[in-house]
């Protein structure tokens, strides 16, 4: 609340925007910093009403670790998918319903995205009550194993961040 | 540079976006502002008319960029005349729209003013591509106005009108491209300067471009065979809109006159008088088809719509005589027909409002209220439109007929004009006697009473056909001067040397 | 284009070619895999990754060539990585609604929308 | 290069014109869109074709003609406005006539109701 | 300008008269006679000059370009007619006072009557042919209104329209004729025309001119074959018939022939056309008159016949004949007017005009009877009455006309024959009305004499008949002399205006006619039986049938062309464009002097895909979604093409417009069928394929030729001045916001108008949407999927930032207000897609109307700002600032203009698409759970 | 070396685009086509960046950025149409 009055309705967003502007400006100069700050403050003022349930994130360092893991997995995933695509054998596809422990919708979304980007899985749907996540696995034998892996590797850190 | 030149564009533009701002302000306020805008516009055009009458070309270079690089507005007699015709017409149409038309949508006044902005832009611009933009402005506004109003009658004609004009715009761009791809310029004066100097290898593209451009303008002007979108569209539009549209076809005519006197005129070397040999016969055919349409109309609105077609044919026939006299007479006739046709649209609307379910249909109905006033208005309009003395139409046609030089052309022109006059006389007298005199007993639910805006709006425009008679001398002096000025293309090209602000000091 | 150190050129070239390669793989997946849900995997990963490596190549190239930071390209990749899963998700939902057939032998079945 | 480009414009024009001549609103709209693509490309090409010659001062040594680019940008915007309008108008036509035929009704029906319109004459008694 | 006053007075009266209508019939009658009296007073002093054969011409310039001037001329001829018009006019006014019923619209009647009088005076007094033309058509119009005075009567309406069509149409022919004469003479002034007689007759255009002029004259004066309108004009109130259709208007044609006699007469063509027309008319009129049971019908046909007689006289081409014609004009006017009035009285008093009912009125109204009988006798040509004198002259001329051989006999025989009929119908008028037993069931019985004053006009006229008949030289001699000299424009032959010329051949002919006529009347029953064999044609019905036929054919023809098929109209447009372009392009070199350049494989591949998808869009256009997907591939590739060919701004614009267009079409597709039925026949499809094919090939060739030909444009100027003059390195953007900023202003206006138009078009409309999709699946339930919603949240701030970025760099690098605006718009659209209209609308603080209006305001205001510094609209300025930390940066007024563009784009795009999104029928379940609850 | 690599990459991406077009034409279902379209957009992005590299300029980068945005939005709109009919409600 006070944060809002200070003009930082979504501090994390302000930070993010500032960083993004530096990227857009291709460099960190006086001008880009000033402009980045201005926009970082002004834009949330305009848009915060469009993000009512803005994230309340704890332990941001966890995010960093998480991201590196994901990036690594993406590469691996791509290679495995590549092999699969090139290999003649029929893939063993399955639809798996994943029981969610996360409640924060953003958390769920991040998880779903991660799943879509990593080993042969695409998150196809989230139940309206946000308890189930439907996953399509391209090539998997053991659904339980898949669920466990996802929980260990992704949902845990996310649970740390969004609790 | 004289800033007044921008007035006819800026006044309606500003008026229009104020209307948008005030979308939810009380209607009375919006009306007052709207009328004030059109009134102011009329004043400014009168001012420009007087200014232009010194016979010089005035250029206004936007952004202080010298032509041909920047866009210029060019004021000459022709432009001033068209501006004035439009502004006067607009004022009375706008007046007429108060009460019935402007209540059915908050956008009406804005669209109406945007329409005027587009028209004036088209009349003033000295840049070919900017002419395209102007056309788009006035077209999109006209789409909005045409579809304005309750009911579903105008939807399909509106769709036809829109689709055809979109295709037309595509053709416009193609022709502009063709011309630019050779001449490398868009400024009309510059084009007029360059085209006579082109070598034969470059001609085909430019000529083709010029011809396609003619087709585009012919579509706007509803010249045969591109006529048939018009009657249903105009007949289905609300009265003030239809009346205002009386000038829409004239924009096409104006564009033809401007481009085919200046760029492809007599001094265009190999491309001199491009396409005029197509226009003359088509114009005559347009008149014939138009008057047949009048004959066959089952409603008064349709009849007047066809009258518009006839008048387009008449103007272009006179123009394609390719002579100063012909041009002058064409302009004189334009003044007359624009106002009178518009007036007729409004009068017909009054009639329809008096006849209950019979509306504007040419059928018997119970005796209408206010018959004397309305019937006199109708008769004056009809007599003038049919070209009978003593009203403006007669003198306009007389000028056109005496502009023709003896020969086959003259024979054809006279024959068609007189035949058209005769048939429209028959058509109007038939329609009038059925509508006004053939009454069945019974009474009409609640006929609308004549109110001030309606009476004045319609009356004034019809009265113009008398005013023109009294002003015939000065008016034809003006149109003569205009024709003379238009044929002196070198003077127009002279605008390329207009000094920019700051230049003349240094 | 003026010369860069061999090592840089090598990296850039590798990134480029692998980028093209992954794009092609994505397309192949889209072409070869038997059912829609299968095909969904190709683009979401391979093609995106392909663009990713091309982007990095370009960043490296321009940074080295101009000597000043050239990082704006990152945003393209970031954006793609953020949106690709969502596209996949909503497409999957669309497919399930359309009752697009799954390859035989698929365990489990899509939800009704 | 020129040949390929010419063929592109030709095919866009062909496609556009053919679809514009269709009887239903939707193909007509698609046709108009294609036609405008073709026209925009044509207008753009009146400055002739160059690669890597973007008219941004200092970015190269030879610049392509910027004027057609500006014109096309205007044309695209206007074309967009017009497309939007005609799309909505086609919806309203559907709503008002219950049909998505460009003439509101298919030709056969129209010719029927035309023949039934009666002709009021003086001598037809009241 | 006293003469113009004479013409003007009646019109002024016409305006004034109705004001007296309240004062009753007498008041208005008196008021209406004032103009005529004043006019007479004005003319009177001029008699002096005319007596010495002089003419008075007064002229005032009006429209020199047309050669039409307000010039009037008074000479013998015009004076004679003017007097007829004025004097008889006075009598008519008096007569009408008693004829009209109080409850009738007397104001209208007298106003019209005066208008007519003015027009008629205009005709006879004009000294400029075009001016005369004006009045000529005015008489047609006023007579139209007078005939239809009782417009509740169908016959009146029809008769009026017929008269208008014939005389008005003839007027148009006359106009052409006059214009030709003007061409020949080089002036429309009567003096010049009359002086140029020989020149005219020698000219190649003379035959046409004469024919056209005579067409005018014959139609007006009811000459065969145009005579039929006159009898039907008798539907008018009797005063009108008496005035217009016997005394004055119908004489206009004759007047014209007399007026132009020196200019046109005296040639073979004149002789044959005029005299033969006259002869036929003379006979037909006389013959038919005998069989009319309607009093006015009889008189009308007799009028036709007499007009024919006068025409015949003018046609003969001899001076004496001309004099006779003039003389007969006077005489006919007097006796026929009085007869009409008498007929009117009878009608008035008996309630009918049918001679089969009207009998033996002598016993009831001896006074009227006497008057009528005298007048009728004059009509029959009984000696000592004026009719006799002119008829004698006519007979004499008919004899003196020396035609070759057998032809020489025709005129006298015709004359005598006509005379016989004339006597016969006159006899009938007398006997069948006033004697011949008792009246049969008259509507008004017993009839008696009319009011005293109603008879006065008749009395005066009858007296005139006798006076002229007995003392011709004394009564009309001078007037006739003056008129003759004016008509013949020079020497008048000496003609004896004596009552008795001795026992000569003409007298014998008169006697023959007299005896023959009486015999014919006594034997009338035989003739009636004979005549009854031919069924009479009702010209009104014929006319009406012709008009209806015209209307029907016209309607068919129109429906044939204007068949309401957009496909045809578009086809016509395309074909026209192709047709006009083909001719010039046929002479074009396929490949220009620059020749072709090579293409690299990837580009070629792209081009191939582009062409393929374009044709694909057409090929599967009936599967709408698929064709739409194809379309967006095309859009994507067009964007790539722009990038490939050095147009980054266009590439960005294209791609962002593309997506909005696609969303738009998706929105639309929801309400439309998802597939297109096969509408057209194979023939139609092939036709269209050919048209499209020609267009495509044409554009290909044009492009090819254009691209390979050398080119130079004004653009170097932009490249040079963009940075120094416009302060930007992105030349395209500088052109848009500066060099051609006015285009951009127009462009955003278009965008704004389109959005407003769309909003207005959809306001308050509910569109019905299909319950299932194309394959018949019912629509899914969850409207706003979680993942999409979540992703859309951060998207908005990011997109806004990108917009700012693209906006700010636009002036120097690819980008700008328009693209930035579209990015913002798209980002907001994603909010609408992901979270719905209500959710988003609740969070948008400003009405899109105002956003776009604000945009227009910014653009215009920046433009107007320069006016303050005396620079033209849209003049831009820029400067460089150098701030600590920030460093050096540019501030340009063009940026504010671009901000206007940005706002307009955002406002317009969203207003359009959102008002489309709002159409969705409310109350659809938004989630699966909701849906389950409902079911 | 980079030049060669560039042309190899261009060819590979070109082939990829070709295969995607094949899928787009082939279908069989609307989702397949939309997926193909989405992938084509991503190829387009790659091509633009490659163009930048070929030309040695970064002026076309924003085109790629916009393609990323619009490609996503277009896909979403089409997919939502398939599911729900009304893209905006």
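In this document, chain identifiers A, B, C, D, E and F correspond to the written order of the chains, with residue numbering beginning at 1 in each.
Heads up, the rule we're going with is that a residue touches a chain if its C-beta (ideal position, glycine included) is under 8 Å from a C-beta of that chain, and two chains touch if they have at least 3 such contacts.
All values derive from a computational prediction rather than experimental measurement.
Graph distance from chain C to chain D, where chains that touch are one step apart, equals 2. Farthest from chain C in terms of Cα centroid separation is E. Between chain A and chain C, the centres computed from C-alpha atoms are 17 Å apart.
We define each chain's centre as the mean of its Cα atoms; on that basis chain D and chain E are separated by 36 Å.
Note on chain placement: the centre of chain B and the centre of chain C lie 58 Å apart, centres being C-alpha means. Centroids of chain A and chain B (each the mean of its C-alpha atoms) stand 62 Å apart. Multi-chain contact residues of chain E, defined as those touching 2 or more other chains: 154, 157, 161, 547, 551-552, 555, 559, 563-564, 566, 570, 574, 628, 644, 648, 669, 699, 706, 711, 713-715, 718, 739-740, 743, 747, 750, 753-754, 757, 761, 773, 780, 782, 785, 787-788, 791, 802, 813-814, 913, 916, 928. Shared interface positions of chain F, i.e. residues touching 2 or more other chains, are given as 10-11, 13, 17-18, 30, 34, 59, 65, 69, 76, 80, 82-83.
Touching of two or more other chains is recorded for residues 129, 133, 136, 140, 143, 147, 156, 159-160, 163, 167, 174, 178, 180-181, 298, 430, 433, 438 of chain B.
Here the chains touching each other pair up as A-C, A-E, B-D, B-E, C-E, C-F, D-E, D-F, E-F. Residue ranges on chain A touching chain E, taken from their complex, read 13, 16-17, 20-21, 24, 29-31, 33-34, 39, 43-44, 46-47, 49-51, 54, 105-106, 108-109, 112-113, 123, 125-126, 128-130. By the touch rule above, chain D contacts chain E in their complex via residues 1-27, 29-30, 33-34, 37-38, 40-42, 44-59, 63-67, 69-74, 76-78, 80-85, 87-92, 94-95, 100-103, 106-107, 110-111, 114, 117, 119, 121-123. The residues of chain C lying in touch with chain F in their complex are 1, 4, 6, 9-10, 12-14, 16-17, 19-21, 23-24, 26-28, 30-31, 36, 39-40, 42-43, 47-48, 50-51, 54-55, 57-58, 61-62, 65, 70, 72-73, 75-76, 79-80, 83, 86-87, 90-91, 93-95, 97-98, 100, 113. Chain C contributes residues 22, 25, 28-29, 32-35, 37-38, 40-42, 44-46, 48-49, 68-72, 74-75, 81-82, 84-86, 88-89, 92-93, 96, 102-103, 105-111 to its touches with chain A in the complex. Considering their complex, residues 16, 20, 25, 28, 32, 35-36, 39-40, 42-43, 45-46, 67-68, 71, 74-75, 78, 81-82, 85-86, 89-90, 92-93, 96-97, 102-104, 117, 119-120, 122, 126 of chain D touch chain B.
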